[in-house]
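Everything below concerns the one structure shown next.
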Amino acid sequence: MRVKIQTEDFDLSREIATLRQGHPEVGAIVSFVGVVRDFNDGDHVNQLCLEHYPGMTEKSIESIMTSAHERWQLVDCLVIHRVGLLMPLDQIVLVVVMSAHRGDAFAGCEFIMDYLKTQAPFWKKEKTPQGAHWVEAKQSDDEAAQRWSQSVPRL
Amino acid sequence: MRVKIQTEDFDLSREIATLRQGHPEVGAIVSFVGVVRDFNDGDHVNQLCLEHYPGMTEKSIESIMTSAHERWQLVDCLVIHRVGLLMPLDQIVLVVVMSAHRGDAFAGCEFIMDYLKTQAPFWKKEKTPQGAHWVEAKQSDDEAAQRWSQSVPRL
Amino acid sequence: MITIIYFARLKEALGLTSEQLLLPDGVTTVEGLRTLLMQRGGVWEKELGPLRSFRAAVNQCLAQGHTGVKAGDEVAFFPPVTGG
Amino acid sequence: MITIIYFARLKEALGLTSEQLLLPDGVTTVEGLRTLLMQRGGVWEKELGPLRSFRAAVNQCLAQGHTGVKAGDEVAFFPPVTGG
C-alpha cells in the first residue's frame, strides 16, 4: 500500500513493475489513469492547478486503501496523485490494484477512485481564457461513492 | 478499436500513449493486465502454452468491443492477447478502455474482460512438473459474463 | 463440402487439426454434424459425447446445436475457452 | 490554542491560509467554531454561512458539525474536494 503525492509525472509500466515485485500470486492488475481533458464543461482548459492538504491527503487515501483491502482479496495497491500546475493531456492520478483474480482488482480500483474523488482533500483550479475558477464538486461523484456503502456485495 | 494477437510482450505505457493520440476528450483510462501466476490451483506452473483460433479470435473480440461501445460512452479501446509459450510472471492479456468519464471506462473494461474470458477462442495448456494438461474453464467466468445480460444498467 | 477444424484438447484427442467432409443429405445443423462424427465410434464418441463439454463455431461465430450447417461452411469444435 | 487552516476557495476568499486561535469557553464542536468565526461578519459570514457549501476536518480526519474540538487540535475548513 503506497501513496505518492508529487508534482512529477509518472510512468504506468514502471510503477506496475515496481508494485509487482515479490508478488508471484498476482494474476490481475487493474489501473486507472485520470488525465486532463482538453475540454471541460464547454470551456477550453489551458491549465489546471491542483492544491492539496499535506498530511491529511496521505492519511485519507491510506484509509480508503485499507477499506478496499478489508472488502476484497487484494495483494497490493498504489495511488499516485499529482499536485501543482498541470496542462491539458497531462496525467493527474493513478490507481493500481493487484489481486489474484480480476473481479477483486476491478472492484477495488473503482472503489478507491470513487472515494478518492469525494474524500481526499484536493482542489482543482481551472485557468481558461475567461479567467481562473475553482472547479465545483460533482453530485455524480458523491453518488458513485455512496453506492459502495450498500451492504450487498457486487458479484 | 484495435485487436492484436501476438507472441511478443507489450508495454502498457506505450500502448496507452498510442491509443490516446488524437483524443483530447479522454479523461479516464482503465486498463486490465492479466499475468501468469506462479501458482495455479496448487500446482507450480512452469510454462503456459496458449492456442487460439486465428480469424475467429479477432472477430469475436471485435464483436465484444462493439457491444461495449453500444452500452457505454467510450472513446476507444484496445485488446492485446498473447499466444504461444508464456512463462510465470509474463503478461498474457491487455484491455484498455478510454472514456470521458471513469464510470464508463471501468464498466467497459470489465465487460470486455468478462466476455473475452468466455467467448474468445483461446485455450491454455499448463506444463507442470506433474505433466502437461489443458486448463479447465471456470464456472465463475460464465457467471461473471452472465451478469452483464441483466437489463438493469449498473450505476 | 465443409471444413471442420478442431482445437486444443479435442485436436489432441482426435489426432486431427482439420478435415474436409462431404455433407451427407439430412445433416443440416451442428447437432446433426456432431451425431454424424460420433458414429465414427471410439474416441469420437467419447470426445463429442454428452459427458464431455465442448463448444462449436460456424464460420467463426459461436454456434448452438440448432445452428445451420451447409456446404462451404467452416465448422469448428473445441473445448470451453480459457483465455484471458 | 487551536490551529485553523483554510484551503482553496475559502483560503482565497478569507485571505488567510491559517491562524492560531485561543478557544473560548463554550466552543467545543466544529459547529461552535464555525459560529464563532461567522461572528467576524463580512466575508466570514458569507463564506461559512449556510449558503456556501464547505467541509471541515479535525486533526486531518473529515469532521461533522458535532465533531469535538479542543485545545491543541488542527481544524481545517475547505470546499468540497475535487481531486482525481
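Letters A, B, C and D mark the chains as written, and numbering starts fresh at 1 in each.
Here is the rule we use: a contact is a pair of C-beta atoms (placed from the backbone, for glycine too) under 8 Å apart; a residue touches a chain by one contact, two chains touch by 3 or more.
Because the structure is a prediction, the values reported are computed rather than measured.
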(request) Treat touching chains as neighbours and tell me the shortest step distance from chain B to chain C. (result) 1
(message) Using mean CA coordinates as chain centres, what's the gap between chain B and chain D in Å?
(response) 48
(message) On a C-alpha centroid basis, what's the spacing between chain C and chain D, in Å?
(response) 72
(message) Could you work out how far the Cα centre of chain A sits from that of chain D, in whole Å?
(response) 26
(request) Please set out, as single numbers or ranges, the residues of chain A touching at least two other chains. (result) 34, 113
(message) If a residue has to touch 2 or more other chains to count, which residues of chain D qualify?
(response) none
(request) Any two chains that touch count here, so list every such pair. (result) A-B, A-D, B-C
(request) Over in the complex, which chain B residues touch chain C? Could you list them? (result) 34, 50-53, 55-56, 59-60, 81, 92-93, 113, 116-125, 134-138, 141
(request) Would you mind writing out the residues of chain A in touch with chain B in their complex? (result) 11-14, 16, 20, 24-39, 88-89, 100, 102-103, 105-106, 109-110, 113, 143-144, 147, 155
(request) Flag every residue of chain C that touches chain B in the complex, lowest number first. (result) 5, 7-9, 53, 57, 60-62, 76, 78-84
